[in-house]
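Below: one structure in structure tokens.
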Amino acid sequence: MATTKLDPQAALAELQESKPQRVTLVVLSGDMDRVMAAFIIATGAASMGMQVTMFFTFWGLNAIRREGAKGTAKDWLRRMFGHLNKGGADSLPLSRFHFWGLGTRMMKLVMKQNRMPGIAELRAMALDLGVRFIACTTTLGLMGITKDTLIDEIDQFAGVSTYLAEAKDAQVNLFI
Amino acid sequence: MATTKLDPQAALAELQESKPQRVTLVVLSGDMDRVMAAFIIATGAASMGMQVTMFFTFWGLNAIRREGAKGTAKDWLRRMFGHLNKGGADSLPLSRFHFWGLGTRMMKLVMKQNRMPGIAELRAMALDLGVRFIACTTTLGLMGITKDTLIDEIDQFAGVSTYLAEAKDAQVNLFI
Amino acid sequence: MATTKLDPQAALAELQESKPQRVTLVVLSGDMDRVMAAFIIATGAASMGMQVTMFFTFWGLNAIRREGAKGTAKDWLRRMFGHLNKGGADSLPLSRFHFWGLGTRMMKLVMKQNRMPGIAELRAMALDLGVRFIACTTTLGLMGITKDTLIDEIDQFAGVSTYLAEAKDAQVNLFI
């Protein structure tokens, strides 16, 4: 009957190996640095074979807007807010030293010199690697963003319960 | 003896189902959007039957202050800081486009039009659903906030070790 | 054969006790309050016997720069950015009410009165308690920060895959 005794460490290792690893990222921030970090983690995890879901909400929705797309909100309030909050992966400001665009442009220049991919390239890589994009339906309207201004590759439009159902089974859950 | 062989996947599923799901949220930010996201996740998780603990610290403490309560700190330094840092769930600024209150007011107007609950309503919902509120004792003094200016429904005043004891057994831990 | 039936709850408890608890913290922010929160969680967890890894990236790298160290980047662009982004644990601004240094100095004064340790002291405590420091190689160059301006106690210079390998086995993963 000695074989019935379970070795906790071995069982745990076995469980962890047999279980597909999952990562979820809530992207609330629309700051260039935070969004970049999110995509770096997402592409890194996906290329290690993990299942990654990114849940874009509030300012983070700017990271999945088409470049140059204009809002089509009907009322002036949302239109005004949508105008202020111009999106597109290449228009995200730095969280510090944005300086009306100067600091952000400086960092983009450094990235180019280092041959580092920008947000749009990182996002394309994430999609290629099978990272799932979910857009938060609750905050889309709040931000004056309409669905037709988002990129086509959104897997799902959903709310918090969809996020939580994924997060509770994931090993790494980050709020960015 | 074939029955002694453990099926890792089945065992894991069984373990996860038998274990109550837990969520912890550190709310450091006092930005309206981040606090709103925190309460949306908290109420969502609680309504799905998860046990949720919110740990309010630094600017996040503003989200659990009574509206209109004045600080009673004795020394001028804390009083001054407490004055700058006027709290209450309805006074939280947006992390972007606050524009001395204009942008924040605009978003509140959009929320009202969409019949979306504000921070105070979300907080009341969270409490109704049994979400536990912990106020960080370490940072209360630092922010010039006195206990008598907080809402009555704080479950516990505690520090980092209380938070970590909860977080290590939770499935979803977010820092907001 | 009754003994071959596994009690999921007991097995889980046994697994959790036999497994060393781990915490990982991504420190992207360079704000004094967020960095302070990171070090408070790190020292708290380490003193409870948990294994803690801090992964410093973007502005968070400022928290592990030597005080007064000047950047030695060769090109003007990085030098300029490095100059703007003066680092050192004692130069971090508050995320709110920095007011060109006044608000931050006020909070430091309150901390001193309360005999609370500052960032530099918390960092030293973390190192004493065995917290591992990893500096993100991807963003070092981006921030105009050179290795010779960092403190000596960095355990590793690494990228996202090193972080993810740690995070997937940790119980608490936070993005700060």
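As written, the chain order gives the labels A, B and C, with residue 1 at the start of each chain.
Everything below uses one rule, namely that a contact is a pair of C-beta atoms (placed from the backbone, for glycine too) under 8 Å apart; a residue touches a chain by one contact, two chains touch by 3 or more.
As the structure is a computational prediction, the values presented were derived from the model and not from experiment.
Here chain B and chain C face each other with different sets of residues for the most part; under half of the interface numbers are shared between them.
Annotation, chain A versus chain B: rotation angle of 120 degrees from the Cα superposition, expressed as a multiple of 5. Averaged C-alpha coordinates put the centre of chain B at 22 Å from the centre of chain C. In chain C, the residues that touch at least two other chains are 4, 6, 11, 173-175. Looking at the complex, you find that chain C touches chain A at residues 3-4, 6, 11, 14-15, 18-19, 26, 28-30, 57-59, 75, 77-78, 80-81, 84-85, 138, 141-142, 144, 159-161, 163-165, 167-169, 173-175. For chain B in complex with chain A, the residues that touch the partner chain are 1, 4, 6, 8-9, 11-12, 16, 21, 23, 33-34, 37, 40-41, 44-45, 48, 50, 95-97, 103, 106-107, 109-111, 113-114, 116, 171-176.
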